[in-house]
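Listed next: structures, encoded as structure tokens.
What follows is a pair of complexes built around chain A, which joins chain B in one and chain C in the other.
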Partner chain A sequence: MQSNAALEYDYSVAKLFTYTTILFGFLGMLIGTLIASQLAFPELNYMLGEYGTFSRLRPIHTNTVIFGFTLSGVFATFYYVGQRVLKVSMAESKFLMTIGKIHFWLYLVGALAATISLLLGYSQSKEYAQYEWPLDIVIVIIWILWGISMFGLIGIRREKTLYISMWYYIATFLGIATLYLFNNMAVPTYFLTDGLGNFMHSVSMYSGTNDALVQWWYGHNAVAFGFTVPIVAMVYYFLPKESGQAIYSYKLSLLSFWGLMFVYLWAGSHHLLYSTVPDWMQTMGSVFSIVLILPSWGSAINMLLTMKGEWNQLTENPLIKFMVLASTFYMLSTLEGPIQAIKSVNAIAHFTDWIPGHVHDGVLGWVVFMIMAGLFHMAPRMFKREIYSKSLLETQFWLQTTAVVLYFTSMWIAGITQGMMWRAVDEYGNLMYSFIDTVAVLHPYYAIRALSGVLYLTGFLMFAYNMIKTMTASRELTQEPQFKSPMA
Partner chain B sequence: MDIRELQGYANFFMTIFLVVLLYGYIIHLYRSEKKGESDYEKFGNIALDDNIDSKPIVPNPKTLKENEEENK
Partner chain C sequence: MFHWLEKNPFFFSVGVFVIISFAGLIEILPNFTEASRPVIGLKPYTVLELAGKEVYKKDACIACHSQLIRPFKSETDRYGQVSLSGEYAYDRPFLWGSKRTGPDLHRVGNYRTTDWHENHMWDPKSVVPQSIMPAYKHMFTNIADIETAYAEAVTVKKVFHTPYGDEFKGTREAWEAHKPTVLAEAKEVVKNMKNKDVKDAVANGEIPEIVALIAYMNRLK
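Presenting the complex of A and B:
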């Protein structure tokens, strides 16, 4: 290990993942806006033959946002935050630098191949686990490379104590590794049948109810360890650093961490309420979902209290605004989710538009806001230039906040209307409405959702433009800002 | 008692065990701070003072030793 005075953090891998965060964010949200429009205006399904239909594009939207945008953001922030809280530079280890670069390039090739495979219609037909077995193998290798990077950096650290964000990054690594492996256990049929059928095709190792149970243990915890845990890692670093305020209570952050780890893994069966899984398991899913409010709010309240006495920063610094709103949306969606998991509420909510409404106030309000704020904080430090435009940031904030509100309010109304109409019976016990009646009633809400998609995508383009301009044309900085990110 | 019922009981008792463990951890954190054995709040500064040449809050003895050897 070198110990020369001019040693600096090396952000080359963090920069590469920053570029893919912007690229996949744009692609994922563009397709999301398109499919939201298709639901409102079905004729939009017929623009590109089989490649442009809702059913073909929807998994591309979800997977690009999860494995493209969010994971890129997780990796970008990890390669930035990891070095800083461990006080060790990637430049100090040629081995780790090489692994980091292979990690990125394999990820990029894998992500493109995965997207193309979905476009061609290869799918395991499991929610958020659509990729077929050859791609699963590539994903496992990419994950192992990240693990080597992470534990390699930890191995040469100067700071003995692992900062709370590192705990969350480690949990992301271990959580996804376990979940992904178990849920994607499959038999490639081509080899078992001496070359019959398609090479890509596979059959799950589980069957029936067990398959559903493993799938939703995975599906729910993919949200936990992809959309929650690494984003909490980000907020625990970026909010204190940007505001210059240490976490309100470090002990509370530790408690919330173990609470979250303890509770989250049990909640997945709430996706299978009123199905064929054992009754006690359904009840357990509901109960653990309610308990989950505690560790989630523990983190969120800790974040908001970090701003205690410093709320003036909310008006002065748009990045603080992004992060505080993200924490608030985290509180909202972690309250909404448990409410939906209550059996009697779920009887109305299940299979309705309230569910994508819930997912999107979490992802648009919490995940995307936090990742964008993190990258904006990193940009002046990585590229040694101030943020290109503060007014553009402010406009983007209000535009996207309006978009999220439009999205979830329209889906709340749509979902509850749908749920009530499906259950409505007349005095003789006959169903009052046919399915198409609900579709006709929901049209205006679908149109509002499509509009919110356009607004959010426009905001994301502003983010991309602001970032690219920051990298290339903004005023150069002579020294690294300590806390607040400088912006023009 | 069939396997499903057994799974249910196993889950229940494991939950109780883990709850005890979690509460034990909470008590441990607060008690050790009260006794002055450890100060958890100082770790919050790891994020604030994170330059590569900043003094670590708790230096890693392994890296420290390597640095000393190199500087000899």
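Presenting the complex of A and C:
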């Protein structure tokens, strides 16, 4: 059996996904900054002809960030964390190694094909589920490959008990699989008509109100299982590893995990308040959204308490700073969401810029920060070099934090302003503003948001530069660091 | 129990799956048949309108426009009667949207004309000076894919029993036979347009995207 010598983990797949995390992160944020600027300065719509309008680019922004950047980050960290918490190396199984490699290359090809298809206008027009059926099939195959990797590693594990991070990775796999399959059910028109029309085209299995219900059951929970669950998996691994502190409470992690699993899925119908779905479903969505604060804050508080008595690390180690800020933004975002899900608040907030504001304090503050911190922790261990620059890391932190604050504050003001203007009536009960009045007033906020995009993107470029330098030019390490990642 | 689950990945996964399935089963399934019933008198989209809906999807109009009028006086004053579930019975996919960077469009056919749309899509600022919407000039030259729209009509008739006439069959002959109807409908729209290239295209039997899109916009009432 295994000797006492430390296992030599194989990071080749983790490295590949690290590269795509950086690539897709840059592309997704670049397009995001561009479309944010288009809302402030509409002339920017005409740089690429038909392919450069806000509407054509917006789905590419969301999909590149979700399925490009975030998923790459999830896979990269999984291929790193999975081996370590299961105490088994990828190198031990030729089969799993091959599956891992195919998983990556098919993912890369699929992601590029999917992006091109959106650029050409192939779209089911369901948010975050725009890809047409042939691409859906590719995505399902990619997902199955990840499943084989994960359960394969679990199958040959030495550590019998699954660590908390593994719970969350498994839930990510199952959750996305279920949601994606049901929401993308569609009938390709080509086959039922002896080959009439476009091969790519399909019609949704569901219509109208039903389609809305399935879509937001998916849409909300794609956020849950893409932007929350696997990111919690990361923080449960990387924070204790980087700080050298044990997780504060096992019971709290249990409560948060099973609570999150049960509650999250109910909340989807809060996207459909005051719509034509039955009232009781709307109320359920609203109520469960409030309940959702408990398991969300459970995880976040567990993280913050893990740092108990060690807060000096916050000033000494920028990676701890990233992770603590990420946990804090997770708390902010999971409090803001439930507030927006209260029916009377939603009446004002829905359809306004407060919603993208909410999404972005979650994604920019929590998801991206956590993924970057995870990759920074992994880099010295994967590439056996210290992190290239601590001062760059510090600058990046403050630049991006400023950017997030600018983003959500401007969008809060924009959203509430517009929501109030839509419903404002004069003393005779007539509407006070025409629609365009409520658009024109938003210009300064859109400009601030565009600026915040530029700042955040600059910060991300610092991250990319720091990572690339770490991989290639940094001082080599003779020994794997135990806790704090070494940095110059 | 939890300790045991954490050592048995199979049962752990089953547990997670069961827990996450509850909500979907209880919230979505019970209402399924009822919610898909059309309101009385609702007609399925014509092939031209379907082609227009494809243009709407292709250029992701949904990114900025909703099609859902909520039950508030401020919304019914602005956009018209509250939206009803049965009005969406033939909408695959639903296009309610989630963001109103521009106004709601669910009843835009009641208060905007072909002529207005033509000017607006060519240059939004010519009709609404403060508009931040981009111009969609490419819709005046791109040709709408009416064959795919026809295939969609036949598919939903076959699979979901959407009430299209008996002439809707999935063969090339049936399509060729139906084509003149689509062109005739396009000609009706073009009567109220002024762009010469668009008029010429329709006269030559090709339908630019803008014509299909306007047919769809006019249908939204």
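In the analysis below, the second predicted complex is superposed on the first by the 481 of 488 C-alpha atoms of A that agree within 3 Å, B and C clash if a C-alpha of one lies under 4 Å from a C-alpha of the other, contacts with A are read in each partner's own complex, and residues count from 1 in each chain.
Heads up, the rule we're going with is that a residue touches a chain if its C-beta (ideal position, glycine included) is under 8 Å from a C-beta of that chain, and two chains touch if they have at least 3 such contacts.
Given the structure is predicted, the values throughout are model-derived calculations rather than measurements.
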Chain B versus chain C as contact partner of A:269, first or second or both or neither: second
First, second, both or neither for A:277, with chain B first and chain C second: second
First (chain B), second (chain C), both or neither touched by A:161: both
Which of chain B and chain C A:241 touches, first, second, both or neither: first
First, second, both or neither for A:439, with chain B first and chain C second: second
Touched partner set for A:175, first chain B, second chain C, both or neither: second
Chain touching more of chain A, residue-wise (chain B, chain C): C
Touched partner set for A:415, first chain B, second chain C, both or neither: neither
Which of chain B and chain C A:68 touches, first, second, both or neither: neither
Chain B versus chain C as contact partner of A:215, first or second or both or neither: second
Touching both chain C and chain B, counted on chain A across the two superposed complexes: 160-161, 254, 258, 262, 266, 278, 281, 284
In the complex with chain A, residue positions of chain B that touch it: 4, 7-8, 11, 15, 18, 22, 25-26, 29-30, 33, 40-48, 50-54, 56-61, 63-64, 66-67, 70-71
Chain C-facing residues of chain A, complex: 38-39, 42, 45-46, 49-50, 53-56, 58-59, 121-127, 151, 154, 160-162, 167, 170-171, 174-175, 178, 182, 187, 189-190, 192-194, 196-198, 201, 203-215, 217, 254, 258, 261-262, 264-266, 268-269, 271, 274-278, 281, 284-285, 288, 347, 350-353, 355-356, 422-425, 430-431, 435-436, 439-440
Chain A-facing residues of chain C, complex: 2-3, 6-7, 9, 12-13, 16-17, 19-24, 27-28, 31-32, 35-36, 54, 56-64, 66, 68, 70-72, 74-75, 77-78, 83-103, 128, 130-136, 138, 142, 145, 147-152, 154-156, 158-160, 170-172, 175
Residues of chain A touching chain B in the complex: 1-3, 5, 7-9, 84-85, 87-89, 156-161, 163-165, 236-237, 240-241, 244, 246-247, 249-251, 254-255, 258-259, 262, 266, 278, 280-281, 284, 480, 483
